[in-house]
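Each in C-alpha cells, the structures are laid out below.
Two complexes come next, and they have one chain in common, chain A, joined by chain B in the first and chain C in the second.
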Partner chain A sequence: MMTIIRVAAVLLTGFFVGLTLEGVSRKIIARIQRRYGPPWYQNFIDVFKALSKNGITHGWIFDFGILMALGGVIATLAFVPLGDLVAFPGLDNLFIIVYLFAVGALGMAMGMVGSGNPNSSIGVARALTQMLGYEIPYMISVSAVMYYYKTASVSELMLSQQDSWTLLKMPLGGIVAFISLLGMLGKKPFDTPIAPAEIASGPMVELSAKYMGLLMLMHTFSIFVEIGLFVDIFLGISNYWTFLIKFTVIWILATLISSVLPRFRIEQVVKFYWKVPLGLAFLQALFVLLGWVF
Partner chain B sequence: MIPISYLVLVFLFGSVVSYLITKANRIVGAIFNFLLTFYALFVLWNLEIGHTEKLFSILEGVENTFKVSSLGKYFSIISLIVISLVSFFIIEWIRKKPSRPAAFNAFVLIMSAGIIGVFFSNDLLTLYIFWEIAVLGSFLIVPMGKEDSKKAAVIYVVTSAIGSYMYLFATFSIYNKYGILEFDQVSRFLLNEPSNLFKWFIILFIASAGIAKSGIFPLHTWLRITHGNAPDAFSAILSGQLVKMGSYVLAISLSVFPSTKLLASFYSGVPLLNYILIWLGNISIIIGTFMAIRQNDMKQLIAYSSVANGGYILVGLGVMNSIGYAGGLFHVFNHAIAAAMIFLSFAAVVYRTGTTKIDEMGGLIWKMPWTFVTYLVGIISLAGIPPTSGFISKWMIFNALLTKGMFVTLTITFIGSVGSFLYVFRPLAGVFLGQLKKKHYEVKEVSPVMLIPMLVLTLLTLFIGVYPKPVLDFIVSIENSLGIKPIEYSGTIIKTSLGQWDTLTVFTMFAVGFIIALVLYIIFPRGKKVELTDQYTGGEYLFNYDLYHYATGFYRFLERLYDKHPSFEKLYGMLVSFFKSMGEIINELFYKVSPSGYVFWISIVILILFWVRW
Partner chain C sequence: MGEVKLFFGPNHPGMHGNFSVHMYVEGDTVVRARPLPGFLHRGFEKLMERRLWYQNLALIPRICVPEPDINEVCYAMAIEKIAKIEVPERAQWIRMIVLELARIASHLMSFPGIGGSLGLYTGPFWGTADRDRVLDIFESLTGARVYHMYIVPGGVRKDLTPSIQKSIKETLDYIESRLPDYENLIFKNRIVHTRLKKIALLDRETALELGITGVGLRATGVPYDIRKVDPYLFYDKVEFEVPTATDGDAFSRVYLKFLEISQSIKIIRQALEKMPEGKVNVRISDGNALRYRVPKGQAYVHVESTRGEYGYYMVSDGGEKPYRVAVRGASYPQTFIGIEKYLPGTRIEDVPIWLSTMDVCAPEVDR
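Let's turn to the complex of A and B:
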C-alpha cells in the first residue's frame, strides 16, 4: 500500500513539476530572445487541449507504440529516487533504469515509424544514432562512480556522498555526464533528431491531438528521469525538497546553454561525443582505478 | 530410463526413415522429424546428472563414454528446444522449400544426433567424433539455400575445419603426454603440469574450435555468408543452436579445465589467456555491431549480430567469476531463443515475399501482424531490454565487468548494447513498418503451423524474463559442479555484490505504466483512422507511395564515418585468390592436358632417376 502511494507521489511530482518547469523554460528562452513569452502554466493548457481534441491515427501500431512509450517511461520514473522519496527501496538499480528507459524510446520509435512518414523514420534513425553517441560516455562516467562506491543502487549512490558531492570528487565524470545529459534531453546543440526546419519535427510529424498530448507527457516524464538520475548521482544527498531545487537549477542551466547554441549535424554529434566526453570519461575511470579521487 | 547412445542411434536410423518418408510425402516426413526431436527433448529433460554409458574404445587406455553433466544437459535442452520448434515450423515451410526436402530432413536428424553426442561426451575424442557428425549434417544442408549457398557451405566447412583440426592436434598432444582424454583427468593432469606453455597451448587450441564455431574474430567471416545464404528455416538452427556448440567448447576450455586455477592472475583475478580471449570477444562485438548496422540483407544483418552476441558470451565466460560465468551461460539461452525467433520470423517473411533485401519490403505489419510480434519480442530480447530475458544476462555481464573494474571491455559491451538498438531497428522499420509496397498488397499471414513455434518462443522469452528461476537453477547447478561460487537469487530477485533487482517488480511496474497510458488513451476522444497514404508531404503531390518509405541507407550518415574500415573478409579473399593462383600454376605445370607436357615431365623424372642412380 505504501508502495502504491509512493509511486503515485513520484508520478504526480513528475507531472506537475515537469510541466511547470517546461513552461518556465519557455519563458526563459523568450526573455533571452527579448520576447514576453507564454505564462508558466502554458504547458498544462497545451497538454489538456491536445488531449481533448479529435485527431488522426495511422493504425494500431501507431497507437500501441505511443502506449508503450508512455508506459515504459512511467515505469522507469517509478524506479528513480526523488531525494528521499524512493518508491522501490533496494531495487532502484541504475542499469535497470537506463535499460527500462529504452523500452519507452523503442515504443516511441516504433509508433512514429509506424505512421509511414519518412520524416519520422529519418528522425528516429538520427535519435538512435545520437543515443549511440551520448550513452557510451555517460555509462562510463557513471560506471566509474558505481565502481568507486561499490553499489549500483541509485539511492545508495546518493547516500554515499556524505563527505562531499560526487561532482566535486569526480569533476571530469560530472562534466561528461552533464554534456551527455544535454544530448539525452535533445537540447541544442543536440536537437538533431527533432530539427524542425529540416525534417518537419522528425518523429513527431504525424502526431495530432490525443497522441501529441500523450507524447508530451512522455517527454515530461523522460526529462524527469534524465535530470533526476544526474541530481541523485552527482549532486550530493538531498531530501525531496532540495532534490527539486537542484533539479530546477540543472534544468535552467541546460535551458540557458541550449538557447544560445546552433545545431550539430548528426555525424558531428557522434564524432564529438566519442572524442571529447568519451576521452574524459576514460580519464575519470583511470583516476578512479588509481584511487585519485578528491 | 532411456540411454543416450540409444537416442543417438534412433536419430541416425531415423534419418534414413525420414529420407524415405519425405520422398513419399514431404509433410509427413517433417512431422516425423518434429515428433522425433520432441521426443528427444522429453528424454533429455528427464536425464539424471551423473549417468554414464560406455560406447567404444578406439585409442588404447581411453574408454569413449557418455556422461551427463549439468553443463551438457543445459546446452542440450536449449538445443533441442530450438531444433524441435524449428522442426515444427518446417512442417509447413517444407511445402515450398528447400530444393531437396528428403535430404534436408535426413541431414537435420544426422546433425541432431551429432549435437546430442557432443553435449554428453565425457572425453575429448568422443566430442570430436560427434562434432564432425554435426558439422557434416549441417554442411550438407547449407547448399540447399540461395544461389551463393554452395560457396557458403565451402567457407563454412573450411572455417570449421581450421578450428576442429587445431582441437584435434591439442587432443592428440594430451594423449601423447598423459595417455588419457577424459575431461576430469585432463584437468587434474593440467593442474600438476609444470609447463605454462603447454597449458596455454592446450587451452587455446581447444578453444579455437569454439572460436571458429561461434564466429569469434578472427574466424567470424563465415557467419555472414552461411547464415545469409542457408535455407531460411535452417538459419534459425544455425544461429540458435550450432553456434552454441562453439560456446559449449569455449565453456569447456575455460571452466572444465579451470583456467583461473591453472594460470596466474593478470588483472583483478583474470589470467592473461582469458584476457586475450575476452579481447577477441570485444573485437567480435565491435565488428558484429558496426557491420550489422551497415547490412541491407536482413539475414546477414542478424548473422553479424550473432558475431556480436558470440562475443558477449565469450566475454561473460572469460571473466570466470560467479556472476560473469552465469551471465555468459544465460546469454547462451537468450541468444539461442532470440536468434531462433528472429530467423523464423524472417523465414516467414521470405516464405511470403521471396526476398531478404530490407529496402524491397515495407509495411508488412499490416499483412503479417503475428510475425511482427515475434520479431518485436525477439529484438527486444536481443537488444537486452527488460522485461524480456535478454536483459538479465546483459545485466549480469555488466555487473561482472564493473566489479572487476574492466572499463574498456565495459565500454565495448555498452557500445554493443546500444548499437544493437540501432541494427535491430533497421529491419523493424524497413520490413515491417512504413509504407506497404504495391506488389505486397496480396501478401497474407503465414499459417498457424508456422505461427505456433514462433509464438511459443515469444512466450518462453517473456516468461523467463519475468520468472528466470528455471534457467538460474540450471546455472547454479553448473557452477556448483565446476567449483565456481554460484550466483545468489531468491524468487525473482537476483543479487550481486553491486546490488539487486527484481524481475517481477519491473514487469509489474511496466504493466502498471502501460495500464495508466491505456486508461488515458481510452478516456480521451478517439482519433480518426486514416490510410498510410494520407501523409504530410510538405505540399508535394505523391503518385507512388512505394518511394515514400525510408529504408535504403537507413544509417547512411553513421556508416559514412567508417566506410573505409579494414576488412578481414577482403584479407581472407586475398589469401584465397593467392592459393587459387598457386594452385593454377601447379595445375599448369603438372596436369597439362597436352601430350608434350607429359613427355616433358616424364623425361625430367627419368633424368633425375638416372642422376641419383637408384
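Let's turn to the complex of A and C:
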C-alpha cells in the first residue's frame, strides 16, 4: 500500500512540478527574447486541451508506440529517487533505470515511424544517432562514479556524498554528465532531432490532439528522469524539497544555455560528443582508477 | 534507401511565405528540387492596367511585404520620369529617409531571421521587437505601419515634422546601441560559424550569370549597388560605403546585411541634416487630382532593395491608366533557376539556410 502511495507521489510530483517548470521556463525564455510570455500554467492548459480532443491516428503501431513511450517513461520515473522519496527502496538500480528508459525512447521511435511521414523518420533517425553520441560519454562518466562508490543504487550513490558533492569530487565527470543532459533534454545546441525549420519538428510532425498531449506528458516525465538522475548522482544528499530546488536550478540553467545557442547539424553533434565530452569522461575515469579524486 | 519526396512549404516552419519547394531526397542530400510558385499570385501587373494611376498606389506596396516602400518610390519615379515632373528637393530627401528606414526594418527581420533556420530563436524575436520601433515611426509619419502609401507621384503625402525627426534620431541611436548585442548573439557564436560558413556557396560567375544582385552578388566581391552605380534621389550627395565580402557563403550574406544597417543609419543622419525646408509635393496635372493622365512614354527605373536591384518598367499611352507595368523582382532569378539548378547537392539541414540567405521572397516572385 505504501509503495502505491509513494509511486503516486513520485508521478504527481513529476506531473505538477514538471509542467509548472516548463511553463516557468517558457516565461524565462520569453523575457530573454523580450516578449511577455505565456502564463506559468500554460502547459497545463495545453496538455488538458490536447487530451480532450480527438486526433488522427495512423494505425495501431502509431497508437501503440505512443502508449509504449508514455508507459515506459512513467515506469522509469517510478524508479528514480526524488531526494528521500524512493518509491521502490532497494530497486532503484541505475541499470534498471537506464534500460527502462530505452523502452520509452524505442516506443516513441516506433510510433513516429509508424506515422509514415518521412520527416518523422528522419527525426527519429537523428534522435537515435544523437543518443549514440551522448550515451557513451554519459555512461562512462556515471560508471566512474559507480566504480568509486562501489554501488549502482541511485539512492546509495546519493547518500555516499556525505563529505562533498560528486560534482566537486569529480568535476570533469559532472561537466560531461551535464553536457550529455543537454542532449537528452533535446536542448540547444542538441535539438537537431526536432529541428522545426529543417524537418518540420521531426518526430512530432504527425501528432495531433490527444497523441500530442500524451507525448507532451511523456516529455515532462522524461525531463524529470533525466535531471533527477543528474541531481541524485552529482548534487549531494537531498531530501524531497532540496531535491526540487536543485532540480529547478539545473532546469533553468539548461533553459538559459538553450536560449542563446543555435543547433548543430547531426554529424556535428556526434563529432562534438565523441571529441570533447568523451575525452573528458575517459580522463575522469582514469583519475578515478588512479585514485585522484578530490 | 530510395528517393524520398519531401515538401518544403507552403506549410513548413522553415519556409518564409507562401511558396513551396518539392525536394527529392536521397539520404540527407537533395538530388532534385522543384520550385512551385503561384500560391500568392494576385496578378498585380494585369490589375494595374485596369486601375487609375492614383488607385494603383494602394495596390503596389502589396508586391513586397517586408519592404513595401521600394514599390512606391519606383512607381512614383517612373511616372515623374515619363511626365517630366520636377519633385521638390525636400520630398526627395524624405523619400530617401523612408527608403533607408524601410531597409533597416527589413534587415532587422532578415538577418536575425537566420536564427529561425538555426534554432537561435532569440535573434528573430529581438529583431522583430526592434523593427517595431521603426514601424512606430512609419505610423506617426504615414498613418500606417506596414503598407504606407506615402510616396506618391509628385512627392510625398505629408511633411516630416520636427517631432518625428526627433523620434527618428532617438530610434537610430537605440538601434545603433543594439547592434553589438546582435553581433555577440549571432556573429560571434562559434556554432553559427560552423553552420553558416562554406554553406550555400554562390560564386561570382554563377551570380552574374543568373542575374543575382544585392547581397548575393556583393558577397562574392562585386561592389554592385544601384545607389552607387546609378544614383537615384540624392544618394550621390551622401557619404556611405557598400560593404562587400569575398567568400560568397551564407555567413557573408547574412553579415553584409548586418553591416548595411550601420550604413543606412549613417545615410539617414546625413539626410536629416541636409534636408532643406520647402514644399513636399507638386501636382501631377491641373485637372482632377484622382483622375490625372500621364503623357505617352515609357520609363525604366530601378532602386536598390534589400534583396538587390528592384525595377519598374512602365509604359503609358497617355491615358488615365497605365498601359503596361512590369516589375523586376530582385529575388526572381535565385528563386526559380537558383532552386532548380543549385539547390540539389544541399543537405536537408542547409535547405532553410539556402532559401533564407538567398532571399527567396514569395510575394515578389508571384506578384
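Just so it is clear, the second predicted complex is superposed on the first by the 294 of 294 C-alpha atoms of A that agree within 3 Å, B and C clash if a C-alpha of one lies under 4 Å from a C-alpha of the other, contacts with A are read in each partner's own complex, and residues count from 1 in each chain.
To be clear about the criterion, a residue touches a chain if its C-beta (ideal position, glycine included) is under 8 Å from a C-beta of that chain, and two chains touch if they have at least 3 such contacts.
Since the structure is predicted, the reported quantities are computational estimates derived from the model, not experimental observations.
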Of chain C and chain B, partner touching more chain A residues: B
Output check: A:Trp292 vs chain B and chain C. Expected answer is one of first, second, both, neither. What do you get? neither
Partner chain(s) touched by A:Pro262 [first = chain B, second = chain C, both, neither]: second
Classify the contacts of A:Tyr240 with the two partner chains as first (chain B alone), second (chain C alone), both, or neither. neither
Return first, second, both or neither, reflecting whether A:Tyr41 touches chain B, chain C, both chains, or no partner chain. neither
Once chain A of both complexes is superposed, is A:Ile56 in touch with chain B (first), chain C (second), both, or neither? first
With the two complexes superposed on chain A, say which partner A:Ile122 touches: chain B (first), chain C (second), both, or neither. both
May I ask you to decide whether A:Ala200 touches chain B, chain C, both, or neither, giving the answer as first, second, both or neither? both
Applying the touch criterion given at the start, work out whether A:Phe282 contacts chain B, chain C, both or neither, answering first, second, both or neither. first
Need the overlap of the two footprints on chain A, from chain B and from chain C, as residue ranges. 118-119, 122, 200, 265-266
Per the touch rule, the chain B residues reaching chain A in their complex are 363, 365-366, 372, 376, 380, 383-386, 391, 394-395, 398-399, 402-403, 405, 407-408, 410-411, 414-415, 418-419, 421-422, 425, 428-429, 433-435, 493, 497-502, 505-506, 509-510, 512-518, 520-521, 524-530, 532-536, 538, 548-551, 554-555, 557-558, 560-561
In the complex formed with chain B, which residues of chain A make contact? 7, 11, 51-59, 61, 63, 66-68, 70-75, 78-79, 88, 90-91, 93, 95-96, 99-100, 102-103, 105-106, 109-110, 113-119, 121-122, 124-126, 128-129, 131-132, 135-136, 139-140, 143-144, 146-147, 150-153, 156, 200, 205-206, 208-211, 213-214, 217, 265-267, 270-271, 278, 282, 285-286, 289
Within the complex, chain A is touched by chain C residues 4-6, 12-14, 25, 28, 115-122, 125-126, 129, 185, 189, 191-192, 194-195, 347-349, 351-352
Which of the residues in chain A end up touching chain C in this complex? 32-35, 118-119, 122, 188-189, 191-192, 195-201, 259-266, 268
